[in-house]
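I'd like to ask you about the structure that follows.
By letter and in written order, the chains are A, B, C, D and E; residue numbering begins at 1 in each of them.
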Amino acid sequence: MPPVLVVPAVLGLAFLVVPLIGLLAKAPWSTLPQRLTSPEVLDALELSLVCATLATVLCVLMGVPLAWVLARGDIPGRGFIRALVTVPLVLPPVVGGAALLFALGRRGPVGQVLDDWFGVSLPFTTAGVVVAEAFVAMPFLVISVEGALRAADPRFEEAAATLGASRWYAFRRVTLPSVAPGVVAGTVLCWARALGEFGATITFAGNFPEKTTTMPLAVYLALETDPEAAIVLSVVLLAVSVAVLASLRERWIGG
Amino acid sequence: STGSGGTPTGSSAPGTGVTGTVTVFAAASLTESFTRIGKDFEAANPGVKVTFNFAGSSALAQQITQGAPVDVFASAAPANMQQVADAVSPTAFARNKLEIAVPQGNPGKVAGLKDFADAGKKIALCAEQVPCGAAAKKVFTAAGITAAPDTLEQDVKAALTKVRLGEVDAALVYRTDVKAAGASVEGIEFPEADKAVNDYPIAALKKAPNAKGAKAFVDYVLSDKGKSVLADAGFAAA
Amino acid sequence: MTLDAHVRTGRGTFEADVPLLVQPGETVALLGPNGAGKTTVLRALAGLLPLRSGHIRLNTTWDEPPSTFVPPERRAVGVVFQDYLLFPHMPVLENVAFGLRARGVNREAARRAARAQLDAVDLTPYADARPRELSGGQAQRVALARALVTHPDLLLLDEPLSALDAGTRPRVRAELGRHLREFPGCAVLVTHDPLDAMVLADRLVVVEGGRITQSGEPAVIARKPATDYVAHLVGLNLLRGQADGTAVALDTGGTLIVAEPAAGPVHAAFPPTAISLHPERPSGSPRNTWEVAVAGMEQHAHTVRLHLDGAPSVVAEVTPAVIAELGLAPGTRVWAALKATEIQTYPRA
Amino acid sequence: MPPVLVVPAVLGLAFLVVPLIGLLAKAPWSTLPQRLTSPEVLDALELSLVCATLATVLCVLMGVPLAWVLARGDIPGRGFIRALVTVPLVLPPVVGGAALLFALGRRGPVGQVLDDWFGVSLPFTTAGVVVAEAFVAMPFLVISVEGALRAADPRFEEAAATLGASRWYAFRRVTLPSVAPGVVAGTVLCWARALGEFGATITFAGNFPEKTTTMPLAVYLALETDPEAAIVLSVVLLAVSVAVLASLRERWIGG
Amino acid sequence: MTLDAHVRTGRGTFEADVPLLVQPGETVALLGPNGAGKTTVLRALAGLLPLRSGHIRLNTTWDEPPSTFVPPERRAVGVVFQDYLLFPHMPVLENVAFGLRARGVNREAARRAARAQLDAVDLTPYADARPRELSGGQAQRVALARALVTHPDLLLLDEPLSALDAGTRPRVRAELGRHLREFPGCAVLVTHDPLDAMVLADRLVVVEGGRITQSGEPAVIARKPATDYVAHLVGLNLLRGQADGTAVALDTGGTLIVAEPAAGPVHAAFPPTAISLHPERPSGSPRNTWEVAVAGMEQHAHTVRLHLDGAPSVVAEVTPAVIAELGLAPGTRVWAALKATEIQTYPRA
């Protein structure tokens, strides 16, 4: 392998890993086991995993079609729509949470409709956590899937069409599998971003233990009172996410 | 009417008539003390459950303004309380004052407030927009010092973290923070601190879903039992 | 179910203007040099390239700008692409079954049909392989199977046999021929191989530079090639007849002795160069000798093409020296000789 | 286009756009012009754009090679390395900033080396902002570029090799252009994430006007006292990023 | 600069075991049915598929497990892939110049050389086109130009002419032949076309099921095909001689009259079926008649192959009926006749 690629790659990896080592070095390893088994930690962890996964499912269901429309559809103002999709990325998450409150809060136009018609109120609920995470994480999915779709050879879709496949059938059976690595990458980004989401969640869904206190919120609170505990919580979050990603990704991609 | 208005969710405590869930929005700096007070309150009122939403005072104020279903709001500054229109007669329940925090061993050799004007030292303050920053501004005005900070932190804990890690030679934080930080941080008191005492107001809310519970919780915080918990955390009595 | 098309379209600066009429059950071969526009026409027929003007009709109107455009998936077409375009992530069997599954056939039935089709192209053992595990020739045969399995109204084949080896090719060609004869739709075949064209197609259309330069039945074109390109390309005698062992009774009269025994209707093909001419009936190896009359002569670069009337009438190619030596002129009667081993036979409908 | 794709795509777009509309509806449009031209806003905006761009350059220089090594290199423990790369995504940004301080701060092992050898100190400097943003944003680049590389046909690289191209030359001239849409997508994600980065920046680099106060920091602090100002700042950030992305992306991708 | 290789490798369950020795300046054609392993061997030689055992040496050792493996970019090879693999994002000219640029030639010089090479394959007008704007045949010619332009020590050509039309093919074949003769390295050519093989290659290697079933000079193999596959594939007479107008003085004695005038060293090729046999010297169109003696006979499915000694010695294919009628047996003397138009000539070194 060429050094001109390997050297920056190693530098890049080091850049990402060294701070993590710093974090691990600061972790209070001796008290770790008992901290880990505390119900608050387990509750927060479970909530985090459940919400991030649900948010990811939501994002995949809406984001992959959106990416496809952006990549293949012949729609006017596509560049603008694509830029709009990128916006929640740029929005500081706390502002994103506030925006969600403005729209979906009890006083927001959509929130009122949801409340009046369906009796659904999203803020300060676990569903609200999912919504906040999905809002922040979806652009990651959309943009990386769209990138993958654009790099894919559209002639396979043409071949599918001549075989009588509707665009939907071709999308499912031909397009999607052929960009599987891109979709997996986008899904991973989305899930990881959802798992680490803090600002929008605490603003839109609040910070109620067992209901909306995900790991990042717990970490934030612990930072206020017990920084060592915050480090422990972060390490747990990291370990779990590394484990999930390392085991799943090879499997998905191998498929 | 003792116990007669019980809800299906549980029995009521004798004497108070409190039932159900009490939802408390409290400033993040109250996390430890209020968690304890909540446990004590639940113990004193069997069948009652207290749920907390801890976050920055301003975020909480905004959530309440947006219609969050909340019974009690405890803010770290009167300003945030004022943003909440339907707070019922806010009462100060604790006060906090500033202290100089330096890393263990005081490597920057900070002696007092005047060192904050030394551009050669690394200094962290809170941003003016947050309560501890506003307090710091008052203190410096009172002392006639032009501070030369390197960073204006988003909250007091962030400033304290910088001290803890030795990234700065000194920061102005609350006494409670220095106390909570333990051995890694040393506190230096200074006289001008009294010019900027920070009141923590608490209030039940007009539209509280559990009005009785709200009042009972506020009363409990203002009671001696509540005060002693707060005092343990380093708060001064209001 | 007649294909009635006038393909006027283009890609980049290239423009094609090709009228095509294909009767039900008919196979038309599109021939032409590289870059002539053959693939372009096929793409337009498939619906992958909209017309600029003109029309494409088959049962209903498929494309007629600016009003009508039926997308490819709603045209009953089957396409073999020049570079196969097998779906890389699907096993071979799934690739072949795709068209049926897409049209709603249930999994079991689709697989069964796909397996039968794979069998026909000799690839049964590769049913579970991925396309990237196939050799070039194997991939092409899979592409062929995939297009044939849905029995579309219009079959479009872009050089479907080009990667096949000399041993496999006759078998696959015969299978393709059988399929083309049996199926009631229209077929358009692009090929560079004159033999494929002559044997598989009922009619040839020669395209050069996006325009038709000649079209007609193979035998007619072979006899009267309009351009040197065509002459070079379709320089084959193609006769129809009934085989009985090594004797083929020709539909137009006469009998040919061939080397490989066959039975039933066949094509008999041989190059014009295979015909030798003699002043008297020759003795020796040529199994076929018959008297012919010179009907016409065409001078080509270094050779002369002779149109010979007889039973059968054929085209022969000889050197100018022969003309002088045998004193050939229109009307001259000479003996034609043709070796049995020069004749290739292919089963027909 | 099939409704089964268009309907979720439209839903997804609405989900992303409705909160933005909520935000715009709350913006104090009448006072907007004078707020916009205030020097603080312009300073913060300029700093944000400069830092996000520098961070993106850093990420591209290190991240693209890292993605390539992950996608093509035959290295042991690749799944684990890939998961490690994902970690800064999951880390709540404030913790990420703390981890950076542990490693690169005054007392951190790397920070001490930097200080002693080069006299470089990152915290409380603009360079620190760039580092914090790069740390948080790089995984987005790496993972989406790796996804694109995996979906690309490696046979073109083989063809380049037989033509005498070193792996580096083939990477530059063949691989990279062929995954250009994926790289652009990753770069956009990276830039947008860097532009919106708050927690790690304020924790690692602090908050000082003209030096380290980027737009998200200004927004966050404005939220504490003057929510309307915060909304204005957010809207400015959004408008600028939409403009930049909409104009650049079509050009890059068209290239 | 001899290529000394023993390719033992495999893909999936397929295994190849092919020893190959190619002298400097020599061209070896690899023939075989689909899936025989031809592409596999080429990939191993190029360094795209490591050997499992065996060796590849050219100047130095390129591959010898487990010790040595030189990666493709450090082997001086040029490859034409079966599916071209043109870089889709580069214009045609850049594609052709790529190999030179990669080897450090400056942009101007590389472009100049690329332009000349494009010229040789008749694609000058397409220099600025993108590969996806090319037709199949055009793409193949670009791939050929791209591989030739670097003048590698080892040229590997995987069916480099399969997509070319009948009109272009002879020109490109002749250009490729000229290139192969001029360049001092080794070349391995995969093809399904016996004529390409016979005309372009000095030696044929027939691979079936990953093993060599026969190898040798074209003429020798054509005379003694080891299997039916080979017989079918390489059933051509290939003679060398000096052309002077339409007369070719053969190196092995005798003269042939051909249709197309030429000058200098040529190959003369014609199928065994083109030879007709006569008890006496025949009169008529065949320009070439000479006396031969039957040296051997082989029965094939429906025909008999005769090895005929004479000037020249040739192989003829006739029906069994001829044997009886002419009373052919080893030693029998008969007259061979061959029409000038049946002979194709190709320039040689």
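In this text, contacts are C-beta pairs under 8 Å (C-beta built on N, C-alpha and C of every residue); 3 or more make two chains touch, one makes a residue touch a chain.
These are the chains along with the protein names UniProt gives them: A, D = Molybdenum transport system permease; C, E = Molybdate transport system ATP-binding protein.
Computed from a predicted model, the values in this text were never measured in an experiment.
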Any chain that touches subunit D and subunit C: A, E
Inter-chain centre distance, subunit A versus subunit D - centres from mean C-alpha coordinates, in Å: 15
Computed distance of Cα centres, subunit C from subunit B, in Å: 88
CA centroid of subunit C to CA centroid of subunit E, Å: 26
Geometric centre distance via CA averages, subunit B-subunit A, whole Å: 32
Set of subunit A residues in contact with two or more other chains: 94, 98, 102, 108, 166-167, 178, 180, 220, 223
Shared interface positions of subunit E, touching two or more other chains: none
Where subunit B touches two or more other chains, by residue: 59, 62, 161
Touching chain combinations (by label order): A-B, A-C, A-D, B-D, C-E, D-E
Residue ranges of subunit A in contact with subunit C within the complex: 155-156, 158-167, 169-170, 173-174, 177-178, 180
List of subunit A residues in touch with subunit B within their complex: 94, 98, 101-102, 105-108, 123-124, 202-203, 206-209, 211, 220-221, 223-225, 227
Subunit D-touching residues of subunit E, taken from the complex the two chains share: 46-48, 71-73, 75-79, 81, 85, 87-90, 98-99, 101-103, 146-147, 150, 156
Sites on subunit E touched by subunit C in the complex: 11-12, 32-36, 38-39, 82-83, 129, 133-138, 141, 158-159, 162-169, 192-194, 229, 232-233, 246, 257, 259-261, 272-274, 276-280, 282-287, 301-303, 316-319, 321-322, 326, 334-335, 337, 339-342
Residue ranges of subunit B in contact with subunit D within the complex: 56, 58-59, 62, 79, 122, 124, 127, 129-130, 149-154, 158, 161-162, 165-167
